[in-house]
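You will see two complexes here that share subunit A, one where it goes with subunit B and one where it goes with subunit C.
Moving on, here comes the complex of A and B:
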């Protein structure tokens, strides 16, 4: 039974991950990422890490991905491919490519070091043994204790990082809001003109392309 | 290979688990039409009319008529809809509602047929987190339904649902934190056992009120039903749904009300425990839970009949500026009290 669940979850996870990068419509990309995350939660369950599985679903599928879905559903109408948008973008294409390549290979190297560093010892083992009780492996009590003793520093640094990110987001959003409020009196209708002019050029390009 | 067959340690043999899940599902399934008719009858009374009274004695067969009507309808789909997701979304909603129902404990472990049977679907070490994971997935039921309908009303309803669910899930979780700190366990049966002295709605009154309010929002009930505000959005995220698929959404909504009543009963009103130190025999436990759930459900209907719908910005500011700080303060205060008194 656990084999069936494992392979099912693993296949869904890999298919979901592939779907994220291969699907054309960003909305479906996000949905396949959700599938991927839920499949990962299933794998965590198989490893008797109930809390991690629940957190995986609550935090990633339930909070982070909800925001992704929200944003993509609002502004990603799917009529324009992501690649096209990038091609037209202001960021220089080669710079973006090399940047992505560098970041990707750095992540790969990091993962490989982490994987081979453990010597893949866990592959042959059966995972944590199942104990019944409130403080067994994978329960909230077990992980809570680890977080507040052995991994206290990492835990606190991570939470501090998140706090900084949250404060930064608020500051950025607040600044843009203020600019929007101040802009109309200064520009005296210029933004409206810009907005109105935003449509026609694209149409003009199309017409020219058709000719 | 990587995984040995899991050594699961559930108390019951597999056949009892299967019987149990069927029984609990059947009970949940039967409760939904009861809630439906009670709600319509009560809403009628609250508004000075009779409510449904044509089908069967006292109109009691009205839900049956509704269900037959819905199920025999044509399966309709707008041309702009995304077919696959349009069909999947109501399924997700109903699936998560039923899954969450498994969490509610209807009684302690009993001796039936010579084996020990816990009168609940599952008793997990992660307890409420299981509930929150399924309510996280339930969001996709609403969101995908609204998005894939290809209609602006549905889309707006789904968007409102998204914002509302995220905002109130946080307060809901934090409100439970006070109880969890006091009970020092996440297991729902453990929380019930911890209420032997006093039910948590007295020491955790703030947490209880926040949880209840957030639950109204999470189940999209009035006064938080902007997701299906019929005055502005036709019917919100389920505008384009009809027939069996609409029935699924409808069923899921009422099952969610039952789930939330069950959780409130378990967490704040002592689950199967009776007040004044009465210890009835084990078979009374589920009845006690059901009666308490009925009272909470009545409260849901009462609030629906009494309060007007809140405006969208009012909902957001209530969630973020009132409930969230209150819930955080409540959790913090409870933690301090627990540390000091232990």
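Moving on, here comes the complex of A and C:
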């Protein structure tokens, strides 16, 4: 039974990962990543990491992916720039793709060689013995006790990092009224930007709606 | 379920993420591929945690998730700021910081 679940979850995880890379529309890439994350949560469950699986589904596939979906909906897929891109003639793109494929397969080959050549006997076993119980391996009680005793410093640093990241995101993405008027940036984007900052209320409403 | 089955999956997901980071031009999709790489590493961490029967790897995976959330918040904030300034949302054209 666990083999069936494992192969199902593994196939979905790899297909989801391939979908993220291969699909053209970023929106479908995000949905494919959600499939990948849920399949990965199943694999975590097979490894008896109950809390990690729950966090993966709730935080990753839930909260973080909703953030992505919002930003993709706000920005759009950039397909209106496709004609522009074709006109410029992006010669580098096939080269880039081949290079990426080469780099990816080289890394994969190296990792697989390292795995098969490691000779770790413990890797071939089913892992450490597992005893059922309320404080068994991987349960919230187990992880919580570790987090608040041995790994308290990491826990606090992670929470502080999250706080700093939230403040930074607000500063980066927040509306900048004064700054834009004082120093209009030079270059091709400047006239359009001044137009947007100067006046059409539609743009402002869009920004408000996107928040 | 043997531990060794999980490690190739993690390696494959990591390699796909690396290829995506190199090949993609939309910064949003580059961020998604970074998530793939982090998740591949997470799977290996949890697998090794199961192998040793200690929780260290799982704590490490949780910290990786927190860092991924930070990276997403900052990255998406940057992308929204780029979009607001009417700059192209394309990693190849945002080359002004090159030396």
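We take it that the second predicted complex is superposed on the first by the 121 of 211 C-alpha atoms of A that agree within 3 Å, B and C clash if a C-alpha of one lies under 4 Å from a C-alpha of the other, contacts with A are read in each partner's own complex, and residues count from 1 in each chain.
Quick note on the criterion: a residue touches a chain if its C-beta (ideal position, glycine included) is under 8 Å from a C-beta of that chain, and two chains touch if they have at least 3 such contacts.
Note that the structure is a prediction, hence the values are computed from the model and not measured.
Of the two partner chains, subunit C is the only one touched by A:96; subunit B is not.
Judged by the touch definition given at the top, the superposed model places A:140 against subunit B, while subunit C stays out of reach. Of the two partner chains, both subunit B and subunit C are touched by A:2. Applying the stated contact rule after C-alpha superposition, one finds that A:67 touches each of subunit B and subunit C.
When the two complexes are overlaid on their common chain A, residue A:15 makes contact with neither subunit B nor subunit C.
By the touch criterion defined above, A:51 reaches both subunit B and subunit C. Set against each other, subunit B and subunit C touch different numbers of residues in subunit A, with C touching more. By the touch criterion defined above, A:35 reaches neither subunit B nor subunit C.
Across the two superposed structures, the residue set of subunit A contacted by subunit B and also by subunit C is 2-3, 6, 46-48, 51, 55, 63, 67, 74, 122-124, 126-127, 129-130. Chain contact summary for the complex, subunit B toward subunit A: residues 1-9, 85, 124-126, 129-130, 132-133, 135-137, 139-140, 143-144, 147, 155, 158-159, 162-163, 165-166, 169, 185-187. For subunit A in complex with subunit C, the touching residues are 2-3, 6, 10, 13-14, 17-18, 20-21, 26, 29-30, 33, 36-37, 40, 43-44, 46-49, 51-52, 55-56, 59-60, 63-64, 67-68, 71-72, 74-75, 78, 81, 92-93, 96-97, 99-101, 103-105, 107-108, 111-112, 115, 122-130, 137-138, 142-143, 146-147, 151, 154, 158-159, 161-162, 164-166, 168-173, 185, 189, 192-193, 196, 207. Those residues of subunit C that touch subunit A in the complex are listed here as 1-9, 11-20, 22-26, 28-29, 31-33, 35-36, 39, 42-43, 46-47, 49-56, 58-59, 61-63, 65-74, 76-81, 83-90, 92. Residues of subunit A touching subunit B in their complex: 1-3, 6, 27, 31, 34, 38, 41, 46-48, 50-51, 53-55, 57-58, 61-63, 66-67, 69-70, 73-74, 122-124, 126-127, 129-132, 134, 136, 139-141.
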